[in-house]
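First chain written, first letter: the chains are A, B, C and D, and each begins at residue 1.
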Amino acid sequence: MADEARILEINDLFSGYGEIEVLKGVSLEIENGEIASIIGANGAGKSTLLKTVFGLVKASHGSVVFDGQDIANKRPTDILRLGLSYVPQGRCNFPAMSVNDNLEMGAYIRTDKEVKADIESMFERFPILEARKEVMAGNMSGGEQQILEMAMALLLHPKLIMIDEPSLGLAPQLVELVFKAIQRINADGTTTVMVEQNAKKALSVSDHGIVLVLGQIGFEGTGEEIANNEEVRRHYLGG
Amino acid sequence: MKRNLGLWRLMAFVAALSIVFGVVSCGTPAPAPEPEVVKETVVVKETVIVEVTPEPQEVIKETVVVKETVVVQATPEGPKEPIRIGTGQPLTGPVAWIGQYYNQGLTMAAEEINSEGGVLGHLVQIFPCDNEAVAEKALTCVRRLVDQDKVQMIIEMGSSSTTLAAMPLMEEYEVPFLAAIVSAPSITDNTGREGGNIWAFRSCAHDGMTLDPVAKYIIPQVDTISLIAWNSAAPREAAEELKQLLEAGGVEVLSVDYTEAGQADYRPVITRIKSLDPDGLWFSIVARDAAVFIRQWRELGMSEQKLFSGSNVVGYEFLEAIKDDPSLGEGITEATLYIPGLEPDFEERYLARWGTPADYIASAAHHSLRYVVATAAEMAVQDTGEVTPSSLRDALEKVSVEMPTFGLIEFDEYNQAHPDMAVMQIQNGEIVLLETISTE
Amino acid sequence: MTSARNLWIPAALSVALLMVLIGLPLVIENRYLVHILIMTGVYCALALSYDLVVGHVGLLSLAHPTFFGVGAYAAAILSTRVASPFLVNLVVAGFVAAGLASVVSFPFLRLAGASFAIGTLGFALIIQLVANNEVWLTGGTDCTIGVARPRLTLGPWIDWRVSSVSDYYYLMLIILLLVVVLCWRLTTSRVGRTFISIREDEILAMASGVNLLKYKTFAFVVGAFIAGSVGAYYAHYSTLACPEALSSYMTIALLIMLFVGGVGRMRGVVLGAIMFTFVPEFLRIAPTLRMVIYGVLLLLAIRYMPEGLDGVVTKWWRKLPLARTLASSGENNQKAG
Amino acid sequence: METFVEQLLNGLTLGLMYASVAVGQALIFGVARLINFAHGDLFMVGAYVFFVAYSVLGLPYPVAICVSAVVMFGFGGLFERVIVRPILDRPWHVHLVATLGASIILISAFTLMWGSTAKQVPTSYSATILQVAGFRVSLQRIIVVVVTLLSFLALHLFLQKTKTGKAMKAMSQNREACAVVGVDVRRLSTLTFAISCGLLGLAASLVSPLFTISPTMGMGLTFKAFAAVIMGGFGQVNGAIYGAIILGVTEALTAGYISSAYTDAMAFAMMILVLLLRPQGLLGRGKVGI
C-alpha cells in the first residue's frame, strides 16, 4: 500500500512459451487513471506481456503487483475478480450468440442481481450496441465487435482494463470510433493499458508510452515524449 | 506431490468402480455361479478347478486333492498318467457365453468321470484356451495346447471358422480332434480314411445332413419364405444351402438377410419382410438375440407367418429370455439334435452344478467327453496300455457308443457320426417334441 | 546420445543381439515358445511400420491394420487361387497395400488431426465389413484358408522349404531385419529429419519449404507397404487370412505398443511390441483381467511417461555408472579425434 | 408407400437412440475439445446401472430411470476428474489414446463383473403394442421417443437459458474468450461430462428394455456417435441430433431397400463423405476444424 497511485507494478518479469523466452526482465509501473500504450515491433513481446499479467502465460520469474496484491501466475478468474479485465487481440466474442447474451457472458463471474441493469447502462454508453441487441455477434462489423468486447470487459467494473490491438484490421473510420470509446472508458475512471500497432494514433491519446524492444523496456515516457523521440519515430512510427 | 495425487485418484477410481459393482453383483444371481450346491461331490469339483484357473496357490492345494482321489481309486501300480484334453473356446468377446457352456459341460463330464475313478484309473484334465472366436487365435490355441499343455486330444474349437482354420495344424501336429457341435458341412469334407485328414472327427450332424430334413419339413407348409441368418460362417452357409433346397422343392425364397451378433434393431429388416408378406420365416440367430428379434417381429404385428428357427433357439435359453411373455415364442419350430426334456437327470445335475439350465452346447460338450471320448480312451488303454494321441485317434475310429439324446455314435468313412435329430416346437411356453428324424 | 560418438559399442551390441536371435531356436525346444517369438517379430515389424506414420509424421491413422489385413488377403488369395510363390506374394501384397494407401491418402491426408483419425477409422470399418461379406473374394467369416507353405529357391543353390516353426522363425528374422534397416535408414536420413519437423510443427515445416503432403503421403504409403508385406508373411505362416486381421482390436494393440513403448523411437516401439506379445503369454492371468491391466497401463503410460518405456529405460540407463563411463569415454574419444 | 413411411419411422427411432449418445459426445467436444472414445462404453455402464436398479434391486421403472441418470451423472463427473482432467491440456492424440484406454478398462471390468452373456430387461411396456395411425409400435418405444425428445428439449433450454448452459455453448464457440471472461474450463468440463453421462444413463435405461445389454455393446455406438457428430458439425449439439437422425434413417433405408449386411458400411461411408466434402458438417457453418 506504499503507493496508492500505482495500480500495476511489474518487476523483472520473465515469461515465454516452453523453452522460448519472450519477456526478459520487464519492469514497469502504471499509474492509477492513466491511459498507457505499449508499442514495439512484431515479436517484441507486447501481447505476451498482457497475457502474462492476466495469467494466461506462465511467468518464470518476477512479480506482478496489481492493486497491492501479487497476481503473478494466478488464474485468470481470480485476476478478473480483483478488477483487472483483458480484451485479447483478434475476435474474442461468441459469434453464434446474440449481443445481449455476449454481454451476459462478459459478466459471467458476477452473481449479483444488478447485471441486467448494468447491461442496460452499457447500451446507454454504447448506443451502437443497443440497436444490435438481438443480432449474432459474428454478424456485426469488426468495429462493433471490438466495442462489444470492451463492453463485455467493462461489465465487471474493472479498475484496470488491458486491450490488445483494438484497431487491428479495422477500417479508418472505425478506428476512430474505437479510440473514442477507449477515451470514454478511461474518462469514466478505468485505467487503460493497450497494445497497439497503430502507434502514432495510440500515443496521441495516451498519458504514458512504453516501447518494448526484444522483451525488454526500450523507452518510456509520456505519450508526447515517446511520440517525439527521434529514435522511436524512426523505428516504430514510420518516420 | 501433484503426480502422486493423480495416481491416487486413478487407483481410487478403479477401486471404487470394482467395489460398487462388486457389491451390487453380490446381490444378484452370479453370472458364473460358484459351486455351492451338491456338497458330496466337492472333492472332485475342486480337482477340476485346478486346470481352469491356473493360479499357483490353488494348484498346490488342488494337487493334494487329486492325490487323495487317486489313492482312493488307484490301481495297484499307483497313480496313472492323466488324460489331458484341450479345448479352444471363445472365453472373451461378444460370444464368450458359448465358451462358458462348453467349459461347464466338459468340466462336469470330467468331474463325473474322475469321481468314478477316471478312465481305467486315468483321471481326465481339461485345458481350456481362449480363441476369442478368431481363426488365427484358434491356431495359437492349438500350438499352446499341444506344445505347452501337452494335451492328447482336443475337443471342439468353438465355431466353424475357427475349426476349419485350426484343422490343418492339428493334422500337422497329429493330435486327434473331435468336433461336438460345429455344423458347417465343409469340416468333414476332407476328413477320414481315404487320404483325408484322419485326425478330425465330428460327433454331431452337419448342416448338410440336417438341412435336408428341415427343408422336407418346411416345404409342405409354405409357398413363400424369408430367411435371416447370423452373419457367421455356419449360419450363412446354412442359409444359402437351405435356400437352394427350398427352391428345389418349389418354395419361393423372397429374401435372405444377414444380421450381426448383438444387433439392436431388426425393425428395418422386419418391415421389409412384412412388405414381402411371406408364408414363413426361417431364422438362424443365437438365442439371446433371437429373443430381441422375436419381440420386434411381434411388435410389428407379424403373426400369420410360420416360424422355423435354425440355431437352437428352441431351448431353455430362449425360453428364459422371453419368460416375461412366453407367448412370444409360440409356434417356433426347429429341427435340432438336442432334445430338452429327454434327460431330466442330466439337466437336473447341470442346473444344480452351474445354476443355469443346460443348453445344446453344454450337453453336446458333456456327452462327447463323457461317452465318446471316454469310451475311446478306455479302448486305447485296453489296446495299447496307454493314452497317446495316436492310440486315441485309432480308438475313436472304432468307437460305437449309444449316447443319450443323440443316439448311436459311430464314425463313417469321413469320420462323421450320424446322430438322430428331432423336430421340436414351442407350445404354450413349453418345448414339445413333434417327431424324430434319422440323419443316416 | 549424439551420432558422432563411438560407433563400435552399439555395433558390437547389435551383432551380439543378432547372434543371440539366430541362436535362439537352437536352444529352445518348445515349439510354442518359438511361435511366440515369431508373433513378437510380426508385431515388432508391424509396430515399426506404424511408427513411421504415427511417430514420425504425426498422422494418427486408425487404418494401419487394414493394410496388414489387405496384404494378408492379397497373399492368401494369390497363393490359394494361382499358387504363386511366396516371394511374389510378399512383394505383391506390399504393393496392393501401398496402392490402397496411396488411393485413400489422396482424400484423407487433406484432413487434419482428429478428422484424419476418425476418417481412417471409418475406412477401416468399411474394409472389414467388405471382408466379412464379400464371400466370393475373401471367404467371409470362413476366412481364406489353405495358404501354401513358402518355398524359397535361388537357382540350383538354394531350395528352402519353410515348414517347421524354426524355419518360419528365420524367415521372420530376415523380414524383421529388412524392416528395421529400412525404418532406420528412413528415420535417420534427411527424409527422417523432415518427418520429425513435420510432427513437431507443421506450419514451421511448411514455412521452411517442406512439401507436407508429399512427405506425409510417402510415410503413409511406405508404412502401408511394410504392413502389407508383413501381412503376407503372416498369411503364409498362419496359412489363412481372416477378417479379424483388419479389426479395431489390432489397432488398439498397436496403439498400446507404440504409446507404452515410446512413440517415435525405434527402440521404444520394439520394446513395446515385446512387452505386449511376449510377456503376456507367460503371465497366465485370465484374458479379461489382462485387458484391464493393459488399459490401466495405457492410461498410466500416457500420463506419466510421455516418452514411454523407452524414456524411462534411457533415464535409468544414464544413471548407471557403466553408462556414465561409456559416455565420458565417448566424449574423450571425440575430443581426441 | 406405407412401407417407406414405416421405414422412415424406424430410422427416426433408431436415429433418436444414436442422438442421445451423440449429443453428449458433441457437448464434450465443444467444451473440452476432446474426442471421447469411451462414450459408447459409458452408455453401456448406464445400461448396467439401470439393470441393477430395475432387475436386481427391483425398483419401479421410473425410479430406476432416475437412479440410472443420477448415478451416471456422478460417474461422468468422476470419469472426467480421473481420466480426462489430467490430460485435458495435452494434444488431441493423447486424448484419443487415454479415452481408448478407459474404454478397454470399462469393457473388460464389466466383463469381469457381469460376464459377457447378454442380459435382457424387458419392462411390461415393451410387450404392450399400440396401434398408432395404422402403425404397430410398442409402448416402450413410444416412451423412448417421448422421453428422449423431452430430454433434448430440457437440454436445449438449459443451453439457451441458464448461465452455465450459455457458458457451455460459448466454450464451443470461442475458448480463449471464455478464459478471458472468467469461465473455469475445468469446472465446466467436469460438469459437461456429468451432464452427458446423465443423459446417457437416461437413454440407456430407456432403450435397454428393447434390446440386450452386454459389455461390448458400447463400441459400435461410439463409432455411430462419431459419425453423427461429424455429420452435424463438430461440437454442435443440434447438429449432432440431426446427424444422428440422418444416420438412423440412412441405416433403416439401407437395410430396408439395399442390403442388411452393409447398413454399417453405409453409415461410415456417409461419415467419410461428409468429412471430405463438408468438414464443417452438413449443417455447420464457417470453418470448424479439428
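Just so it is clear, a residue touches a chain if its C-beta (ideal position, glycine included) is under 8 Å from a C-beta of that chain, and two chains touch if they have at least 3 such contacts.
Quick caveat, the model's predicted, so the values are computed rather than measured.
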| item | value |
| --- | --- |
| Number of hops, chain A to chain C, where each hop joins two touching chains | 2 |
| Of A-D and B-C, whichever chain pair has more C-beta contact pairs | B-C |
| Chain whose mean Cα position lies farthest from chain B | A |
| Chain closest to the assembly centre - both centres taken as Cα means | D |
| Inter-centroid spacing, chain B versus chain A (mean Cα positions, whole Å) | 74 |
| Chain A and chain D, separation of their C-alpha mean positions in angstrom | 42 |
| Distance between chain centroids, defined by C-alpha means - chain C, chain D (Å) | 35 |
| Chain B residues counted as touching two or more neighbouring chains | 6, 10, 14, 92, 231, 258 |
| Multi-partner residues of chain C (at least 2 other chains) | 132-133, 286, 288, 291, 296, 299, 303 |
| Contacts with two or more other chains, residues of chain A listed in rising order | none |
| Pairs of chains found to touch, sorted by chain label | A-D, B-C, B-D, C-D |
| Residues of chain D touching chain A in the complex | 163, 166-167, 169-170, 173-174, 176-184, 286 |
| Chain D partner contacts - residues on chain B that touch it in the complex | 6, 9-10, 12-14, 16-18, 21-22, 24-25, 27-28, 31-32, 92-97, 100, 231, 257-260, 262, 264-265, 267-269, 271-272, 274-275, 288-289, 291-292, 295-296, 298-301, 321, 324-325, 328 |
| Chain D-facing residues of chain C, complex | 58, 60, 107-108, 110-115, 117-119, 121-123, 125-126, 129-130, 132-133, 248, 252, 255, 259, 286, 288-289, 291-292, 294-296, 298-299, 302-303 |
| Partner chain C, residues of chain D touching it in the complex | 35, 83, 86-87, 92-94, 96-98, 100-105, 107-109, 111-112, 219, 223, 226-227, 230, 261-262, 264-265, 268-269, 271-272, 275-276, 279, 289-290 |
| Partner chain D, residues of chain A touching it in the complex | 54, 56, 75-77, 80-81, 86-88, 91-97, 101, 104-106, 108-109, 138, 152-153, 156 |
